[in-house]
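Heads up, the next two complexes both have chain A, just with different partners, chain B and then chain C.
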Partner chain A sequence: MLLLLDILTTAAILFVVAIGLLAVFGVLKIINFAHGAWLTIGAYCAVVTGKLGLNPWAALPIAFVVGAALGGLAEYVIIRPLYRRPLDAILATWGLGIVVGQLITLAFGRDVQLTPNLLSGTVEILGTGYSAYRLVALVAALVIGAVFALVIERTRLGLSARAVIMNETLARSLGLDTARVRLVVFMIGAGLAALAGVLLTPLTSVDPTMGVGWLIGAFMLVMVADTSFLALAAACLVFGAAQVLVSTFVSPVLGSIAVAVLAALVLRISPKGFSRA
Partner chain B sequence: MSTRPLVGALAALVLTASPVLAAEKPIVIGVPVGLSGANSVVAPSVVQAAELAVEEINAGGGVLGRKLALEVADDASGAAGAQKAFDALIYQKKVDVIIAMETSAARNAGLPAVTKGRVPYIYTSFYEGHSCNKNLFVNGWVPEQQVPPVIDAFAKDKNAKTYFLIGSDYAFGRGMLAFTRAYIEKTGAKVVGEEYLPMDGSDWTAIISKLKEAKPDALVTSTAGGAPNVTLTKQLRGAGVTLPYANLAVDEGTAKSMGKDADGIYLSASYVTGIDSPQNKAFLAAMEKKFGAGLRTPNDLSVPEYEAIYLYKAAVEKAGSTETAKVLAALPTVTATGPRGTIGMSKQHHAPLTMYLGQVQGDGSVKVVGTFKDVDPGEQCPKLD
Partner chain C sequence: MPETVPAAGLAAARASGRPRLARAAPLAVALLAAMALWVAPLVLDTFAVNVLTRSMIYAVLAVTVDLLWGFAGILTFGQAAFFGIGAYATAMLLSAQGGAPHWMAAAAALAVVAPLLLGLAVGWLSFYHRSTPLYASVISLVVPIVVTQGIYSGGERTGSSSGLVGFDVLPLEIEGFFRLAAILLVVVTLAAWILVRSDAGRLLVALRDNEARCAYLGLNPRRLQIGLTAVLAGVAGLAGFVFANASGVVAPENAGFLFGTELVIWVALGGRGTLVGPVLGTIAIDYLAANLSGDLPFLWQLLLGTAFVAIIILLPGGLAELARRAVSVLPLGRRAAAPRLAARPARAAPRNEAPLLSVEGLAKSYGSLTVLESIDLTVRAGELVSLVGPNGAGKTTLMRCLSDGTEPFRGSVAVAGTATAGLTPNRIVALGVGRKFQVASVFESLSVAECLRLARAAHEAPSPLRRADILGLPQPVLDILRMTGLDALMAEPARLLSHGQKQALELAMVMALEPRIILLDEPTAGLTKAERTTIGTVLKGLAADLGIAVVLVEHDLDFVREISSRIVVLHQGRLVLDGTVEEVVGSALVRTIYAGGAHA
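Moving on, here comes the complex of A and B:
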């Protein structure tokens, strides 16, 4: 039971971290290597929220808005000219990530930052106390996933986004303002990354390089999931399970590379990853 | 009007000028530290401690009538940077001595240059032990001094018989826990689990579940400093772990940034700011006065740097010269009294130290709950004595 909860919550955290990257990759066809930096921005929004004495949960909307606004700026200034040069876009977003990291260092220093507790304590489940916050993370992942699904399936923006994913030239010739769709999707992706950053604060140290480790994992998951968020959810479950099981029964050192090894294996066997299903 | 007063004045000028000329060549202390890289969080506090020691000694007339001067170099916290920093300090800056807190990788990379360039080297960081070189002296703690106070206290006060060990997967983390395991087993208690995560790993979920399943009496962790330590502690607290918990890698600064999560953690150190001695209070006041708002909290890595400069002063004064052979002969025989007490590097180039068992309080401060006088560093370098 404990094992099952570990698997579900680990998958939920992976999903929360990767969903913003998936949104950008799906519509814009570029890998946003500044994703880790936006996670960090979100976490520092939690730091600032704490310093201002606001309710810790207020960091969630604040981070989403700040992340989306900065994301919009980055898209307009840096990413927009690079859509036709995806390799240059990798370089540019990676560089952007470094710049953001350094700016955060200049403003806050290299030190680990203190963040207010979103939720502490444990919940009694079948005789053992389980981290209440991890259960909240599970709920958060479900909510984010559901909202994401609604936006994609039921809104005009979702329809436009799907049109751009399927055939951008055709979408544009039908009168869709594809540049605007890209801008909005990038802003949503950046906002989701910042939101994930806040959700990570109770689980991880908040420092200028905190995003890097999570970026790599998210990147692997998105490579495997391609553009489908259902495939992403499946990938998170499978990889999260692998990570927890290998860590528990073999060695945590091997468990931490389980995601990378599995991603390579899956792509070797099936180049379209989980999205074919 | 005679010219005699003018001649007299000139003569007086020449007479007073000559000691000034002699004093112009200061004794230069090389300080290679990790201003960039892993040690960059702690390095500024080390440099500040060195600056205060030099200022105080110079204000008191210097050493053998000569002033002290610092030459700080960035070793980038690693081997490659340290080689460059040591070469530059020893061959270009011609320093008289190296006194520095560094990573073990940087220390090992610097030793060949120290041996070849024939300068004394006082290493002021705690480390995993057994680094031996005739030019090298150490005034920080080794595992033999840090671990026993915690385990003894857990055995006596908490009646702990089973332990769980968690660490980061690198030389210092594994080295500390290997010693901890050996010591626990020597005292007749049992280790029921020992788990590691890579240094950049951030998901301790499976390890924490194993810990809860093993139901030990106490927990000992030795992660890399900073981020991994904070991450592990947050996740432990999130999972509701309330065991007696000793953290071998935590310092007061890190404890503060953990906030409430650090409450109750035990740590073992040769320096905590709460040491109740006149020397420590004077030291803290002097640091506060010199650096004001820019002060980096003095810690177990910066205070030994301060004291080592006084140890070097004592050795040079006893030797009557800065000549390396004479200073090396004098170093194990002298002591200096500083914030950590009276310390000499008398045991195989290592120092018996008074260790403090501290417990982190709710406000992030560290309360001293046990004092262990002059803990012996054990057999570190039997061939050097």
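Moving on, here comes the complex of A and C:
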């Protein structure tokens, strides 16, 4: 039962971290290697919120807005010129990640920062204590997933985004302002990354390079999910389970690379990953 | 005798004098560089010697990244892992056995072989029929992560997170290690330089430009990419051996993904696709980093990151591109001379009446949509068969099924009696099938002569050492070149050709394969009337004089009527008519199909 909870909450955290990257990859068809830096930005938003003495939960909306605003700037300056060079976009966003990391270091120092607890304590489940925060993360993932689905299925922006995913040339020739769709989606993706950064703060130490470790896992999950967010959820469950099981029963070191290795193998066997199933 | 030498001969002698000089240039430059680096430790201070030793080893890695990414188009972060494995193999073996000469030799061998084998495995994983460049980059990201985690979990043997120190190393002073690194760098750069200037080096660029075309020239792109990955993994491992000896310490970071990205950054800043750019860029950046990062660690990283982003966006060719632009302002414009054309004896094609191409019950569907259904078709030597039919009739799909056995279809296709099911395009080309695409598929950054040389590469392996002065082509190819005027444009880059010239070039490349069957998808689309007539004459000649079977998809019925020996009509995925020109043109069915009335 605890194992199952671990699997579910691990999958939820992976999902929260990867969803922003998925949105960007789906619509812009580029891999945002600055995603890790935006996680870090979000986490530092939580740090600043704490220093200002605000309610820790206020960090969530603040991070989303800050992340989205900076994301908009990045899209305009860096992503837009590289639209037709996807491999170069990987490199440029990676460079952007370095720049962001160093700016944060210059501003806050390279030490680990303490953040106010969003929620502490444990919950009694079947006679054992379970971290309450991990359950919050599970709920957060469900909420984010649901909102994301609603936006995709029910709003005009979602419709435009789906049109761009399917056939960008056609969408543009039908008069859709695809550049604006790309900008907005990138901002949302960046905002979600920053939001995920806040949600990560109770689970991981906050320092300027914290994002890199999460980036690779998220990246592999998105590769496997292609552009479908349901496939992403499935991939998070499967690989999250693999990670928890390997960590528990084999070794934590192998567990930490389980996602990357399994995703690479899945892609080798079925290049479309989970999205075809 | 000198007075009897014809003028043309003199000109040729003069022209060949310069290439010979140019051919010696890499050797001369390498020799000079080696001599300069040999004396350099005498004038540099100890700090500089130490740092530059490391920088030069990194520059070796940069050369390998550049060959993979800048030349062959494979963006890789994995060279760090191979380097790390080489370094760790050395350190682990020397820790366990000590530094006796034979163990040192064994360590060097292991440092090459272990990464080479892993490179083979990684190559196999990264490159397969229809793999994408992005996937190869993904794998190259995973490899260093896995290797680093392996090092962390290695316990005593790998020193876990603190790495290994205190193993025996080569008995050299720091000047000695500097010279060792310098020699390695000069040798690797020289080898890379000779390779990229050679005919075989053009193959790397061809892979980057147009992998599909390589496959349809009968080359195996997978094997080339895997081979390149493995060999360069071995080179990176050798650099790791020198690094472990020179520094006396190895750490997990040496194999890590972050180091892999740094290598890419150095190559990008220096200038991918040139060799001098990455080498000088790496040495300069690493040396500067060692000097500056002590005082301004974060600022230095910030500047480097900013410069990297700016270069990627604004100057994809890196600093070398800037230098090249500056130099090209000077009136030194030198263009590589095109090789001389020569006719090579045609391969005697056995001419018999057995069908060259036989298709039985071919059917293909995408999900519930049936594109082709029960197609039966036989084509013999010397026939010129035109496939006609309205848009969406399945003509191009049929062509694809004929030239790629990995396409999922039902029924059977056989070329000269050999079933093609499951065969990749390059193996079908080896059976004697040449395919010309609807949109001309050539190598945009190569010259006309280089494109044609690659078209011969499956028959005559291009030299990895030099550029041949003579380009031997079958007579029909020379005829095509002459008729289309391409023979005067041999040194022209293919991207500067007109649409019609590209089509002609692709046809010449396909013919250079000496195929027995050629498949042409709308060879006259977008051509002028004059160009059409030329292509028609060429095709008729190929079928009538050489006994080549020609299958073409065409919309222009006048053109079809003029050249075909047989016409096959496809309609809604079915073969509705197969007969002589008179039979088909006179048929009422064809008229209804083209008038749009036959949805039976």
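Heads up, the rule we're going with is that the second predicted complex is superposed on the first by the 277 of 277 C-alpha atoms of A that agree within 3 Å, B and C clash if a C-alpha of one lies under 4 Å from a C-alpha of the other, contacts with A are read in each partner's own complex, and residues count from 1 in each chain.
Going forward, a contact is a pair of C-beta atoms (placed from the backbone, for glycine too) under 8 Å apart; a residue touches a chain by one contact, two chains touch by 3 or more.
Remember, it's a predicted structure, so these values are computed and weren't measured experimentally.
Asker: If we overlay the two complexes on their shared chain A, which of chain B and chain C does A:S256 touch? Say first, second, both or neither.
Answerer: After superposition on chain A, A:S256 lies in contact with both partners, chain B and chain C.
Asker: Now for A:V65: first (chain B), second (chain C), both, or neither, which partner does it touch?
Answerer: neither
Asker: Applying the document's definition of touch, where does A:P271 land relative to chain B and chain C: first, second, both, or neither?
Answerer: In the superposition, A:P271 contacts chain C only.
Asker: Touch test for A:V48: chain B only (first), chain C only (second), both, or neither?
Answerer: In the superposition, A:V48 touches no partner, neither chain B nor chain C.
Asker: Now for A:L114: first (chain B), second (chain C), both, or neither, which partner does it touch?
Answerer: A:L114: touches chain B, not chain C.
Asker: Touch test for A:Q243: chain B only (first), chain C only (second), both, or neither?
Answerer: In the superposition, A:Q243 touches chain B alone.
Asker: Go through the superposed model and pick first if A:I90 touches only chain B, second if only chain C, both, or neither.
Answerer: Second partner only.
Asker: Taking the superposition as given, does A:V151 touch the first partner, chain B, the second, chain C, both, or neither?
Answerer: Neither partner.
Asker: Of the residues on chain A, which ones does chain B touch that chain C also touches?
Answerer: Dual-contact residues (chain A): 110, 212, 253, 256.
Asker: Under the touch definition given earlier, write down the residues of chain B that touch chain A in their complex.
Answerer: Answer in residue numbers: 40-41, 169, 195-198, 200-207, 209-210, 212-213, 226-231, 234-235, 237-240, 253-254, 256-260.
Asker: Mind listing the chain C positions that touch chain A in their complex?
Answerer: Going by the criterion above, the answer is residues 75, 125, 128, 130-135, 137-139, 141-142, 145-146, 149, 152-153, 257-258, 261, 264-265, 268, 298-299, 301-302, 304-306, 308-309, 312-313, 316.
Asker: If we count contacts the way the header does, which residues on chain A are in touch with chain C in the complex?
Answerer: Touching chain C from chain A are residues 31, 78, 81-82, 85-88, 90-92, 94-99, 101-103, 105-106, 110, 212, 216, 219-220, 223, 251, 253-254, 256-257, 260-261, 263-264, 267-268, 271.
Asker: Help me check something: in the complex, which residues belonging to chain A touch chain B?
Answerer: Against chain B, the touching part of chain A is residues 2-3, 6, 9-10, 13, 110-115, 117, 120-122, 128-134, 202-207, 209-210, 212-214, 243-244, 247-248, 252-253, 255-256.
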